[in-house]
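Structures follow.
You will see two complexes here that share chain A, one where it goes with chain B and one where it goes with chain C.
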Partner chain A sequence: MTVETVTAERKSLFTPFNIIAAVILVAGLVVTVMRFTGGLGAVTNLDQNNPWGIWISFDLLCGVALAAGGYTTSAACYIFGLKKYHSGVRPAILTAFLGYALVVFALHYDVGRPWRLPYPIFVQQGTTSLLFEVGLCVFLYLTVLFVEFTPAMFEWLGMKKIRNIVVKGTLALTIMGVILSTLHQSSLGALFSIAPSKLHPLWYSPYLPVFFFVSSICAGMSMVIFEGTLSHKPMHRLMDKEYLDNHDGLILGFGKATSLVLFGYFAIKLIGLAYDNNWHYLTTGWGAWYMVEMLGFVALPSFLYAVGVRDRNIPLIKWAAGLTVLGIVVNRFNVSLVAFNYFLPSSQRYFPSWSEITISLFVVAIGVLAFRFITTRMPIFHEHPDYKDAH
Partner chain B sequence: MEFYTLQDYYTFTKGVVYLIMGGILVGATLYWRFLMGGNNKDD
Partner chain C sequence: MLRRTFLGLLGAAGASVALPRSAAAGSKKFGPHPDTMGVLFDATRCIGCRKCEAACNEVNELPAPDRKFDDLSVLDTERRTDEKTYTVVNKYQGMNGPVYRKAQCNHCLEPACASACFVRAFKKQPNGAVTYDASVCVGCRYCMVACPFSIPAYEYGEPLTPRVMKCTLCAPRLAEGKLPGCVERCPKEALTFGPRDALIEIARARIAAFPGKYVDHIYGEREMGGTSWMYISGEPFSHIGLREDLGTASAPELTAGALAAVPMVVGLWPVLLGGIYAVSRRKDKVANEERVTAVKDALAKAAAEAEKKLHEELSKAETAGRRRIEVEVKKAVEEALSAKDEDAEKSEEEV
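Presenting the complex of A and B:
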């Protein structure tokens, strides 16, 4: 299969996908040189009022939320014993691992002195800072995700002994992954709870950590459906019978769960609104945008999921997953950019530069290419012949 | 709605939250029945 794949790729080197990816990579490399020779000011629109931009909003906050599929799928399979979702675990773990790895990669662009990134872990721990918790969780969870991913790599490399040792620790790794994700997803929300005067009251809440965590579950499960939909056609030749047979069941099961969690998320957001007595803001322009987010990207996908599951309408569930993924992006952008510094005059508001957008596209392109490289070589969408029914 | 004391404020907001939570309990039950109905069999 690998030889056929490599041959097919050689034949079609100048496909639209490859050309677009190459253009993004070249543009990204140019901006990378500009960033690391000219500094942040040379490529970003950041300033004293807006110390973070889309590299944090998109690359980090969205990246982390959308990587939540790893812990939700492995928890469903190994902790809740839903073995019928086993075929979805490896693609989800791989997406999560690449997502987190690219978060760390993108952070190198955003922090002023990237060579000091290991300092909070190894040199000087600022234990009173929320960012310390964020950094520690990213560091530990990325390590856990890497170890969870390694069985596929060892199977590919034919390293049976070490593969069997790692597989024995699957349950422990899953539990660690769930704990670290719970801490980490919520601590990203907690990061904004220390800036109550900067964030618009409709998005600010003391419950932000809970909102971030619950919405990450919706994001993760929707991302598993969404990513499965995107890779179904181009990766179809790599998928074995077990994966294809269980695919619709996974979509229906995850659709049902996401519908319920989105309902719960809508409910706790409503409670947050009531606790802070923010009803009067709903009649303002900010309120209209808030309603778009809550009704269009939370209530609507929840309902679409429910109808899709009731009617066993797989395409509708896939659309709902796409809408939920978009909704999480909208929410993270709202919290970290749109409603952040909302009181500033428009002339002082932040808007990303082309260079910043290029780097974000560059990071996504690297992720897609790495995903394709790994899935065409390692047993991600199919079981390795030597380990059939080994789980 | 005007508030003169902190207690007024919390009485109001807590009262609204309790009403909403009651609504959510009923809504969640109905939503659960809606979601579990339909053509699905074993998922």
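Presenting the complex of A and C:
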């Protein structure tokens, strides 16, 4: 490392970003102690009617959906042969790996006996459960993502031989990643198919698994654009010419694809509505909220993406990506919290406590810090000089 | 006695041999158990005395309640089961005065909790009880999400060893040949324990004998695929806190489609994705080959043209050279001839 970068890092120790991150980390550690001494009751607003709160809605459901950029980008590059997106693969894989690792980390807070998390795989398998399906796939996919991420680590460590072995398995790993992602992204939606009486009919559908899978594609690609936008300024000095030259092309390509997939998602949501003949709910208050989600967070970003691509308007595409990411959060919250237990009186409904929000922020902060730690050290936004054009 | 023990062992061995096969055959089903037991609750008989609650608390050794069981003012607010209470009686306003309904685990024939549990902590026992095994429970609370009757409760106050708490149908007491605690204590025979089939007969007989007194429906006979605990009432069931929109599909049926899709994805995706990869590779290869051929053709054409041009130039140069020589020769000849003529003229003059 050069002297310049060292001083730059030392200077940046008391930036607003670092101070906010430190506050969140300290608050998170305090709540962690409270959680593991007082139980879930001490820190959460969960109760007997509302067993799942934002640690499931945000940390698990949104976390997994927004980490879908890993499989979408690697599939675009290695399976669909869109080689020009190659420079986008490593940031996407890293985001996905950290995303899934943090999902599993956050689950340690939510489940009652976290050291038993391997039980469903290694002790007693409940194969009738969609949660078993989710658990198995997330476990396997986290392993696949780790292996997909290792070439960057091996290049950093100078371990050429093992790096070359892993790179040879890229296609197989990518295919496995897409299979596992298809399964657990959809199964997260299917989790709720067991409770038709608790989820509002506008959000309950036999197609829930398909909805979750298709929307995860939009979430993944939008997250690649969105996250690229966020890291562009602070990480600019680490980005090589290939990354920067291809970045606008990637945004245009992914923008076009997301516009189309969002359009398809809108169509299948309408088909779901028609299949169960739920049109009459649209005139209720729930219907108004449903239309806000469908028009404001599905149709609108699809349109904005399309206009942005036509006009080659990169800022507009970035706004559309942000809106889509927000829309996925809205959808996952609607299915798991807002429209779940819709029939209960408002006094028995759930609203997250400050401690729950703190832990969710804590998890995000750890993710951002880990991302920064890795991208400033390993060849993520640039190619390692020894492996130029090795792909 | 000895012979019976031997036969019992034989039966157990037979059952354990048969178990994997039957489990494989119906891997998504938890029943049916033909001799399943159950309880019939008759809302027209219940007087809301809460003696069943007290009995339940005693036999299950649950913590003492905040307010005593003979305090009937508890009934003024609707309650649900929680981590200290396996059963509650609620009061509802009926057409002719108050009506009471006991709530507890309904011990579904195809339990949603068992279907949802990813460590198989819940089991539908042959005697009808849905039991829970805390020794494998991870505490994910998916059972609570899945239960259509909102029965399982969680020990939120336990930091490291929380359990899911719910009625066991007094399975340990059944094993000893005793009745469930609540059934035994009920002073009004509002609760009847027996084989489920027999309970349905009894319920039908009561409805038939007093057609004006009962709603003509046995709640739990078919709801969510059927339950071991069933209800008859004089009030519509939705008036006594029982949802009538649950449908008859059991929990395993609701998730069967999604589960069935899993092996199809595993089987088809490699073919589909491998196919897309092969097609994109092939397209690249063909495009590359076409480019190479085109370049080769262009090069060949250019070479041929260059050669032709060279040839032409060469031949042009040759002609030009020849012409120049000819001109030179002609010139030389002309010069020589003119010199000769001059010489001749000179000699003529001299002559």
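Quick note on the criterion: the second predicted complex is superposed on the first by the 385 of 391 C-alpha atoms of A that agree within 3 Å, B and C clash if a C-alpha of one lies under 4 Å from a C-alpha of the other, contacts with A are read in each partner's own complex, and residues count from 1 in each chain.
Quick note on the criterion: a contact is a pair of C-beta atoms (placed from the backbone, for glycine too) under 8 Å apart; a residue touches a chain by one contact, two chains touch by 3 or more.
Because the structure is predicted, anything quoted here is derived from the model rather than measured.
**Student:** One more residue to check, A:Tyr275. First (chain B), second (chain C), both or neither?
**Tutor:** first
**Student:** Just chain B (first), just chain C (second), both, or neither: which does A:Leu337 touch?
**Tutor:** neither
**Student:** Of chain B and chain C, which one touches more of chain A's residues?
**Tutor:** Comparing touch counts on chain A for chain B and chain C gives C.
**Student:** A:Arg312 contacts which: chain B (first), chain C (second), both, neither?
**Tutor:** first
**Student:** Which partner does A:Val111 contact after superposing on A: first (chain B), second (chain C), both, neither?
**Tutor:** Touch partner of A:Val111: chain C, not chain B.
**Student:** Could you say whether A:Ala267 touches chain B, chain C, both of them, or neither, answering first, second, both or neither?
**Tutor:** After superposing on A, A:Ala267 lies in contact with chain B but is clear of chain C.
**Student:** From the superposed pair, tell me which chain A residues show up as contacts to chain B and also as contacts to chain C.
**Tutor:** Shared contact residues on chain A: none.
**Student:** How about chain A: which of its residues touch chain B in the complex?
**Tutor:** 249, 252-253, 256, 259-260, 263-264, 267, 270-271, 274-277, 306, 309-312
**Student:** Can you list the chain C residues touching chain A in their complex?
**Tutor:** 27-28, 80-83, 112, 114-121, 136-142, 144-146, 148, 150, 153-163, 243, 245-247, 251-252, 254-255, 257-259, 261-262, 265-266, 269-270, 273-274, 276-277, 280-281, 283-284
**Student:** Can you tell me which positions in chain A touch chain C when the two form their complex?
**Tutor:** It is residues 35-42, 44, 46-49, 51-52, 75, 78-81, 110-113, 116-117, 119-120, 123-133, 135, 171, 175, 178-179, 182-183, 186-187, 190-198, 206, 208-209 of chain A that touch chain C.
**Student:** Given the complex with chain A, which residues does chain B contribute to the contact?
**Tutor:** Listed in rising order, the residues are 9, 12-13, 16-17, 20-21, 24, 27-28, 31-32, 34-35, 37-40, 43.
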